[in-house]
Amino acid sequence: MTVVQVDTEVTTGSPPPPERRRRGVPKSLWNALSVVLGVGVWWGFSLTGFDIPAPPEVLKRGGELIADGTLADDVLASLGRVLAGFVLGVALAIPVGFLMGWYGVARGLLEPWVQFFRTIPPLAIIPLAVVLMGIGETPKIFVIFLASFLACVIATFQGVVNVDKTLINAARVLGAKDGTIFARVVVPASTPFILVGMRVGLGSSWATLVAAELIAAQQGLGYRMQSAQLYYDLPTIFVGLISIGVLGLLMDRVLLLAERRLTNWQERR
Amino acid sequence: MTVVQVDTEVTTGSPPPPERRRRGVPKSLWNALSVVLGVGVWWGFSLTGFDIPAPPEVLKRGGELIADGTLADDVLASLGRVLAGFVLGVALAIPVGFLMGWYGVARGLLEPWVQFFRTIPPLAIIPLAVVLMGIGETPKIFVIFLASFLACVIATFQGVVNVDKTLINAARVLGAKDGTIFARVVVPASTPFILVGMRVGLGSSWATLVAAELIAAQQGLGYRMQSAQLYYDLPTIFVGLISIGVLGLLMDRVLLLAERRLTNWQERR
Amino acid sequence: ACGSSDDNESSGGTTKVNFGYIADFNGASLLAVADDQKLWEKHGIEVSTKVFTNGPLQITAINAGDLDFGYIGPGAVWLPASGKAKIVALNSLGNADRVIAQPGITDLAQLKGKKVGVPEGTSGDMILTLALEKAGLSATDIQRVPMDPATIVSAFASGQIDAAGIWYPLLNNIKQKKPDLVELAKNEDFADSVSFPTAFVAGNEAVSGKADTVTKVVQVLREAMDFRAANHDKAVELTAGLLKQPADAVKADAANSKMLDSKTLDGYTADGTVDKWLKGMGDYFVGAKKLPDNPDPSTYYLGSVFTGAASK
Amino acid sequence: MITIQNVRKTFPIKGGEFVALGGVDLDIADNEFVTVVGPSGCGKTTVMNILAGLETPTSGQALVREKEITGPGPDRGVIFQQYALFPWLTVRKNVEFGLRTAGVGRDERRERAQHFIDLVGLHDFADALPRTLSGGMKQRCAIARAYAVNPSILLMDEPFGAVDALTRVRLQEQLLQTWSQEKRTVVFITHDVDEAVFLANRVVVMAARPGRIVEIVDVDLPYPRTEELRLSPAFTALRNRVWSAVYHQEPIA
Amino acid sequence: MITIQNVRKTFPIKGGEFVALGGVDLDIADNEFVTVVGPSGCGKTTVMNILAGLETPTSGQALVREKEITGPGPDRGVIFQQYALFPWLTVRKNVEFGLRTAGVGRDERRERAQHFIDLVGLHDFADALPRTLSGGMKQRCAIARAYAVNPSILLMDEPFGAVDALTRVRLQEQLLQTWSQEKRTVVFITHDVDEAVFLANRVVVMAARPGRIVEIVDVDLPYPRTEELRLSPAFTALRNRVWSAVYHQEPIA
């Protein structure tokens, strides 16, 4: 055996990472600090003469919108749309992503269109959606649905492709057929991917809300921002942005909780 | 040992999946079929009185736009923006996603804002971008950058969290420090996730193009579609949509090729 | 604010100017003409034009210092009125707006309870509001459905809405699908109370700080206006070239506005007609709650700069 | 009755193909206990994968009861060299997996699963997730899972590789006992020559480059096999014969 | 000099905690060769992870040369029970990994890597990806990787578990030979009692529930250890002593 001389200093630097997470300052405290910092930056910008409203102004406007019930109505309307579109999108994306990952034919047929529609801006979908679905809730939910579906289907597909072959083989030799393998191996094994898809899809759903509410919305956060934009009413726009951001953040937290429950079997750092 | 009687019929149904992909009709043939089908559906729609132009009409307009050089200019302008924004977004997302996955503090500080901005529609960013960055190329690229960054950072983060702990331990005991572990273990191991992020991010980049080119663009596919909307020039809009779709598809294919090279070490179905 | 003496621009060299516009005949024709006729060079200005899709974004850019001049349609006139910018010249009177309805609806009064599509904050919105007022209906008497302009085309053509406030050239596309649609109201119906002016604006600072540049630009605009008035077809052709649109479409578009020339505008400025237009717009905006009150037009329309440019 | 006829298996590699199996012929009678030994990389796992229906031969064919193998089936239980436990299922759920697939009712399923969990000594870890198990415990869980569906053919790839000596002996005895009580066909891969001889009716010795069978040793020792048998001269003779069949090959793959 | 002082390790589990190690004390002298045997799940891997710096003791402490272990370091090479190869790197690149980390130059790196690849008999697979390797070949690759950085302490968790008999003997001999040429500390986990006795200065016998050391057997056999030694009565006596120390525990975890 050849002698190989390698630096053999004992590493004393960093403690093993699996422990690192558990001790020290809790994460929520950093979150809080981060929010405070962010608001500080915003305030700073608004003071240095940029044409954006300062936090108190936005707070005041928010108070008004809460007081007269507008905000509550808008939030309810938008939340309903986003939830419906998002849930439908995810519910369809998982089986479709599976089909695409599993069956070459499905992949060949669906992939060009999934890819194609992913690059089409939601704004361009709207006229078509109106023609096909009228101006009720359907086209609005459809546009959101499309956004979350497209983000999620790609992730699910990739997840299916990445499932450890050994596990699929193990299920097959235990007598599982495609359906069972899908439901009891592929879905759990690709949960981490699907969750990426859901989180990205959730973001897209909210981000598409403004476009969706261009279609004949009577209320909703996107609509409110849209009309505030015409009125150059920056405080209202900021109230809308913050409401959307906070709602999105909350829904994301729910997803994270779900993730922790669903993937607690994983060895993770 | 207790006797357990289980159905013991020999499965003859499906051949083993690893083989299935290699034989039979090649995938590109299904792709082609799918495109033909899709165009057929479109043509059908246009004939049944829906307010959309038929393929020949769009083809003709496309020919005109190619002949006078407009399409080439637009494509170049848009491609440049999308590429710049996308590349910057991905280049920043990977280290940031790593930081978030690796260091609790970074995660605590960054996550609220990443989540927040993910839900903000690009349309709402535009006035802000103009105020902060003017009307040159910067704000346009910024809007696209943001879209791809946000899609990619979440995926990278999830990828880092999902890296097999054993591999990280293996690298640590071989003397690797955080930087090396990042570059030589975390990045390759989370490549499948990062690629999901890049593919979703690429879609978002193109989908944001129209919004980005609302900002004083002199040319570009998004701008062309936007101005065609002023005259409700549907054939031009369709030429734009198709160009975006095809370009997006091509770039996606390049990513897929990259993926095949980068993750050919994986056992995959 | 005009005529300030702290003008430190050299009168000899060229001045750089960023000019925003919207890609339709109203917005682009003067720039097309000025470019073709080398009017900028003549006045020692090096112009760089930037195309936008709406007025408010241009005003944002002006206030961020990225743009010196811009073009706004009637729907955005409340922005200068609320002090965000100054109008340096009027351009045309919009004549393209209509309230349209599906066949069978013959009267504005029949809109009661109907679904009416409207692109909020645009001249389509304005004409609808005026029309309802005239018919004695309140905003709540109809089902107001806010949508963006292109969506109105498809929604109306496919019968999803009963009526709409919309304008040419979009209306041409609807007409192709619904040749028998009914036009219930047009701009001229309200000529005595409100006109729909389009205008060129400049930033508040530019007007006070770079009066000389403003004057030169207004001179360019004046000369271009007169050329446009005298050579309508040529102007259409030049604009179509700039916009890369078929000349027919631009011609149809041009037919829907009343182009003004500098003489007429000088007269209207002097006799208060312009103030009357703006006052009328202001009343409308106050009614629409976009403005808290209706300011004196002289605070945001620089009539003396416009007319003053003629003598320089 | 398993028949392997002139099976070749090649894998595409950079610049050509790698011959993992170059013409393997083997007949295994019903209820026979066959062990396979051979140096690392000689194609043992590849043979097993073909029998399991997870790989198809490049040429030649593999038959079970005269029918060509076209895919995996619950008649052939498999224990993988890498455990292949479902990481999201507890030990109990892993063991129950095949029973659920076969439509066994809840209560019966639970009972059977418990039986095999007890058998491999994981009773206290029935509700633990795989990631909390040690290497040997994972392997025992995989064994319980394969046993639970009671397949008529059992394909075992180094099943006792990570198991400690005591458990190993116990599991060997259990395996033989079950096998003699309710006969079934067992194909058992191991790299332990003692184990191969101790368990088998026949020991198949393979060699590498290309993977092939070099010798088949019949083990004419009576069942039940006991600890004393391990010390008998007959056993030692067979063991040495197999050993030298493995040894006198080219050293390592 | 490795010192383990009253180390306890518990893992949180549903409804309480699981005591993986309940007070382990052990001193290992420099250049000693210590093997650890014990039933599956008794905490062998846990001890090794603590020495490697990959787990921290719940209480008590582990020291290397009087310094508390706070993380992994290149002075302690580790071979994992599950191979832990980087699947995206070829065999050669895997073996070179630690050398690159240590900043060894290109040519030297290549040369050293080749040496260890040859040693474990993977010369023909130097440019293959792990997924194309058999189980035993993966493990041999992991061995080459750990050897290549030449650590002063070598922690080996069942390194020869999936390796065939011949290669195993050869690797054992190689390991001992290297060890006697350039002394280093080796902690070697195995479930093979013969192997434990054959290699060690001292055999540490562990028991489960809670994980603890039940006996330490000194092996006073001379080095070099030869195949004849395996048949000597002294070896057999020690082997039996260790065997019964493992055996006369509660059977399985």
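Letters A, B, C, D and E mark the chains in the order given here, with residues in each chain numbered from 1 onward.
Just so we're on the same page, a residue touches a chain if its C-beta (ideal position, glycine included) is under 8 Å from a C-beta of that chain, and two chains touch if they have at least 3 such contacts.
Worth saying up front: this structure is predicted, and the values here are computed from it rather than measured.
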Chain copies touching (chain D, chain E) - same or different residues, decided at half shared: same
Most contacted chain pair (by C-beta pair count): A-B
Cα-centroid distance, chain A relative to chain D, in whole angstrom: 46
Centroid distance [mean C-alpha coordinates] between chain E and chain D, Å: 26
Distance from chain C to chain B - Cα centre to Cα centre, in angstrom: 39
Residue list for chain D, restricted to those that touch at least two other chains: 53-54, 71-74, 82, 98, 102, 149
Overlap residues in chain C, where contacts from two or more other chains coincide: 60, 63-64, 150, 153-154, 157-158
Multi-partner residues of chain B (at least 2 other chains): 6-7, 11, 13-14, 16, 18, 50-51, 127, 131-132, 166, 172, 175, 266-267
Contacting residues of chain A [partner chain B, same complex]: 6-7, 11, 13-14, 16-18, 20-21, 24-25, 27-31, 33-35, 37-38, 50-52, 101-102, 104-105, 107-113, 115-124, 127-128, 131-132, 150-151, 154-155, 158, 160-166, 168, 172, 175, 177-178, 192-193, 195-197, 199-200, 202-204, 206-211, 222, 225, 229, 237, 240-241, 244-249, 252, 266-269
Residues on chain A engaged by chain D in the complex (per definition of touch): 166-167, 169-176, 180, 184-185, 188-189, 191, 263-267
Partner chain A, residues of chain D touching it in the complex: 52-54, 71-74, 76-78, 80, 82, 84-89, 97-98, 101-102, 129-131, 145, 149
Residue numbers on chain B that touch chain C, as the complex places them: 50-51, 68, 70, 126-127, 130-132, 134-136, 214-218, 223, 226-227, 229-234
Chain E contact footprint on chain D (complex, rising order): 11, 13-14, 18, 37-41, 44-45, 81-82, 120-121, 124-125, 127-128, 132-137, 140, 157-158, 161-168, 170, 191-193, 243, 246-247, 251-253
